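Below, each structure is written out as structure tokens.
Across the two complexes that follow, subunit A remains constant while its partner is subunit B and subsequently subunit C.
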Partner chain A sequence: MGVIDFIINNILTQAAITIALIAMLGLVLQRKSAGSVLTGTFKTLLGFQVLSAGSAIIVSSLTYFGKIFQHAFHLNGVVPSIEAINGQAMNTLGLGNEIAFTFLGIFIVNILIARFSPWKYIFLTGQALLWMATMTVVGGKLAGLSSFVTVLLGSIIGGIFAVAMPAVAQPFVRKITGNDAIALGHFCTIGYMVEAGAAYVFGEHGENKHSVEDIKLPKSMEFLQDTYLSVAVIMVPLYMITAAFAGPKWAGTETTNYIMNAFMQGIQFVVGVYVLLAGVRLLLGEIVPAFRGIAMKLVPNAKPALDCPVLFPYAPNSVILGFITTTIGTVLGMFLMPVFGLAVILPGMLTNFFAGGTAGIFGNVVGGRRGAIIGGVIHGLFITLLPALLVTALTGLGFVNASATDSDTIVAALMYAWILAPILKAV
Partner chain B sequence: MSKKLKIYFICGAGLGSSLASQMVAEDVLNSLNLDESLEHEAISSAPGLRTDIIVSAENFKSQFEKYELDPAIKFVFLHNIVDPKEIEDKLVPVINALSN
Partner chain C sequence: MFKKFFKNKVTTEPVEQKLTTEERLALQQENEQLNQDIEVTEGDGLIKKYDQLGENYTQLGETDSAITAFEASLKVQERFGAAYNGLLNLYEIKRKEAAEQKNNDEIQKWVTKTDELLNLSKRVMRSNF
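Right after this comes the complex of A and B.
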């Protein structure tokens, strides 16, 4: 029994090993050469550890930010970042193993649904699946479930989302791309539906509808497509302004000026995001192609659901406009949430760009210029409201100054917190 | 058999759509018996890349023009980054030109 105990206590509880073994399984099932299996497995293992290192950087920067924000405005400022939530859940809270197994489980449930139902969507956006796995596991912990039930339920709920969200978005995607070849696999789809709905109500229709794509936007905005730059453009000034209000006592160190210290801490946040996503890239670079190979064999006529930027070349103006209007909405939301007794949610720039940009495409295709503008602001408010609703639950579990982004993953977690947990308590 | 070409697929974060494009390209190249080395990265990392070909979406074109990349690198910009036909039409001629 000593050997089995050793395997359980030292190998299967190491999340990095679990996820590397999952990648290895995928590579072996595809009959890759021994060399490819070895390098693929190692890259996945390395990716997990890089992700952990990035997470540690983000947490230390966010801890600083939380402290100065508290002293500057006497409020709790929460940074919405699914990357930060994932990093903290995997490391600080030790949920990495459950997340790795749920990630695998969502793949399996996705293939089963696609195989036996008319919805042939195979969700191939690896990081979105990882975020969904994270949030269902967090939800399971919120509801007080055992690890086994958490993984099982997370796999089922995540698998349903992985098919349902591309299916819901498909009528719009068909309109945007002009064909039915690709689907959208991005767990911000509920937000896109909110924008599309708002654009339908407030937008232009029929002959009065003018596409955003017909106007010329300044070229200088295009640098915002560089993810890390657009995060830095907002986060660094945000840290510096907050430090200015907090003063040298809280924001500085004995040797460094407080504004300079805040500047460096803001840069550290971007560094953390960069390292974490580099880890995710290594982690998923092998698993996703393996999953795709297996899924395409098992599901005839499978339709790949892909990450949102595949839509960006179809409507580049809408992306920029969506980003700007969503950001306006999130800034309004930041001031509005405390009025309703909710936490202050700072604008989350990663999600503002990717989700906001994609939402802009939806708004434009449904309601033209006016639809995209009004819909974008409402989308921004909506994606600020969701993390605000989640904050109390997350803080209770021990997350530091962060809340999730990506509307669908938050909705999944809220289902646990608002529906499942009360039922379990009542029983 | 000449040396493998290095082809980088680039998107905003270097996670989702670049990998999606890379997977489609891998299928296209396999069907034509072309064996090259494919990787994906974020546009932030592009200025330091050592590669033969960069494949990206049309909306990134103006940003690449601002960087001073190695003039030997060939660019392929796609409208639909996951369309096998477009990848075959635009990427394969570049590969053939470099391999000869």
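Right after this comes the complex of A and C.
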């Protein structure tokens, strides 16, 4: 009995162990050699710990930023970063175990739906599934559910999203790629639908429709060629400007000049994202291939839902225009949200590039140039509004100065907060 | 809402063209010529010849040869176009075949190749800025 108690209380409560065991299960089910199972399991364990280390760096930098922003502008300045939310949820908030089980559950529900329904989509973007697992668990906690119900409900809701979102996007994807071979697996699809809707209403139609692909765009944003450089280009100046407004008392240390300190803290944020994403890659490197192998065998006629860069080659100009217009929308949103009493959501360059770029493709295919431009700005406003709506709830749970990105994951969490929680309260 | 937009339906599956014997023969002859030309061609011209070869093999239903040709095209230069679009569909065909045979190693091979294609897409996209 003592041994079982020890295992339950000391080993299975460690999220790193749980997720490593899930990877082990996947590898064993694939009948991998003992050596491969061992190394795969260990890599996953290591991945979780690297992710935790990245999260700690981000939290320390965000705590500093939150403090100086408050003193500089007397407002709540929030960084939209699903990576930071995942890191904090997995570690600081101790939700790692629930997230790990929900991640596994989403895989299973996705396979079940694809196997037994006409919707054959298998969601292959592992990172996005991890974000969805995170946000459904956060939603469960917001609604005050027990861990078991959180995992069960999160698996079902996440699994439905994993099939429904590619299905919703598919008619557009067919138009973009010209065939039905692959689907889009990126949890920003509700944002893409908002852009498509706006492009339909405000865009060009029929003979007046001109594709963005027919214009020649200048090459002038080399900094975007590196993921981390593009984060740094925004975050470091933001930290420094905020520090300049906050003053040396709040932004400096006894030994370092306050602007220099802000510069280094901004760099620390980039380092945190770098380490955290390296951890995520290590963490998912074994689990995702294992489970997608299983999924493909169980659903041989599956339609793979792939990450958003799959669409870039079909409309590269639209990606650039989508990024620019979404960024304009997020900057407008940053100033607009406090007017409505919401938190200041800073523009997130990673999400602006990937979600904004992909949204641009949707805007262009529906409403041509005008559709892509107006739709892009509206998309930028929409993806600023969503994290702003979530801030109060996240702060209440103990998250530090961050909000989620990826519209579908936020909508999933808001469903818990706005629909499920009031129903549970009323019952 | 999008009724008008979806009015003109697109082809839902990659078109499998039935070729006549003469057409097959003509394509095979063209491929022989292309294979000879490839030995002495460089740069942009070489990419075009590989792409043409890949498209011809795809029409002939010779998936493996088409993949080799398109991959050779991307090896000369990573870019968007026929090779990327062709490979995305061909990898999916191979992945489906592997799944039907329940061959895990092959499934992983083709899904990993698709992943590499997505990474290529990111690289080329960024180099466009």
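To be clear about the criterion, the second predicted complex is superposed on the first by the 424 of 427 C-alpha atoms of A that agree within 3 Å, B and C clash if a C-alpha of one lies under 4 Å from a C-alpha of the other, contacts with A are read in each partner's own complex, and residues count from 1 in each chain.
The definition used in the following text is that a contact is a pair of C-beta atoms (placed from the backbone, for glycine too) under 8 Å apart; a residue touches a chain by one contact, two chains touch by 3 or more.
Just so we're clear, the structure is a prediction, and the values are computed from it rather than from any experiment.
A.B. asks: For A:68 in the superposed arrangement: first (subunit B), second (subunit C), both or neither?
C.D. replies: After superposition on chain A, A:68 lies in contact with neither partner.
A.B. asks: Look at A:400 in the shared chain and tell me whether it touches subunit B only, subunit C only, both, or neither; answer first, second, both or neither.
C.D. replies: neither
A.B. asks: With both complexes superposed on chain A, which partner does A:306 reach: first (subunit B), second (subunit C), both or neither?
C.D. replies: Both partners, subunit B and subunit C.
A.B. asks: Which partner chains sit in contact with A:124 here, subunit B, subunit C, both or neither? Use first/second/both/neither.
C.D. replies: After superposition on chain A, A:124 lies in contact with both partners, subunit B and subunit C.
A.B. asks: Applying the touch criterion given at the start, work out whether A:274 contacts subunit B, subunit C, both or neither, answering first, second, both or neither.
C.D. replies: After superposing on A, A:274 lies in contact with subunit B but is clear of subunit C.
A.B. asks: Look at A:200 in the shared chain and tell me whether it touches subunit B only, subunit C only, both, or neither; answer first, second, both or neither.
C.D. replies: Once the two structures are laid over each other on A, A:200 reaches subunit C alone.
A.B. asks: For A:228, select first, second, both or neither according to whether it touches subunit B, subunit C, the two together, or no partner.
C.D. replies: First partner only, subunit B.
A.B. asks: A:16 in the overlay: touching subunit B, subunit C, both, or neither? Say first, second, both or neither.
C.D. replies: The answer is neither, since A:16 touches no partner chain.
A.B. asks: Scan A:284 for contacts with subunit B and subunit C and give back first, second, both or neither.
C.D. replies: First partner only, subunit B.
A.B. asks: Residue overlap on subunit A between the subunit B contact set and the subunit C contact set?
C.D. replies: 124, 177, 181-182, 219, 222, 225-226, 289, 292, 304, 306-307, 309-310, 312-314, 316, 319
A.B. asks: Can you name the residues of subunit A that touch subunit B in the complex?
C.D. replies: Going by the criterion above, the answer is residues 124-128, 177, 181-182, 186, 219, 222-223, 225-229, 274, 277, 280-281, 284-285, 288-289, 292, 304, 306-310, 312-314, 316, 319, 353-354.
A.B. asks: Mind pulling up the subunit B residues that touch subunit A in the complex?
C.D. replies: 11-17, 19-21, 23, 26, 40-44, 57-60, 62-63, 78-83
A.B. asks: Would you tell me which residues of subunit C are touching subunit A in their complex?
C.D. replies: 1-2, 4-6, 10-14, 80-81, 84-85, 88-89, 92, 95-96, 98-100, 102, 104, 107-108, 111-112, 114, 117-119, 121-122, 124-129
A.B. asks: Touching residues of subunit A toward subunit C in the complex: what are they?
C.D. replies: 30, 124, 171, 174-175, 177-182, 196-197, 200, 205, 219-222, 224-226, 289, 292-293, 296-297, 299-302, 304, 306-307, 309-310, 312-314, 316, 319-320, 357, 366
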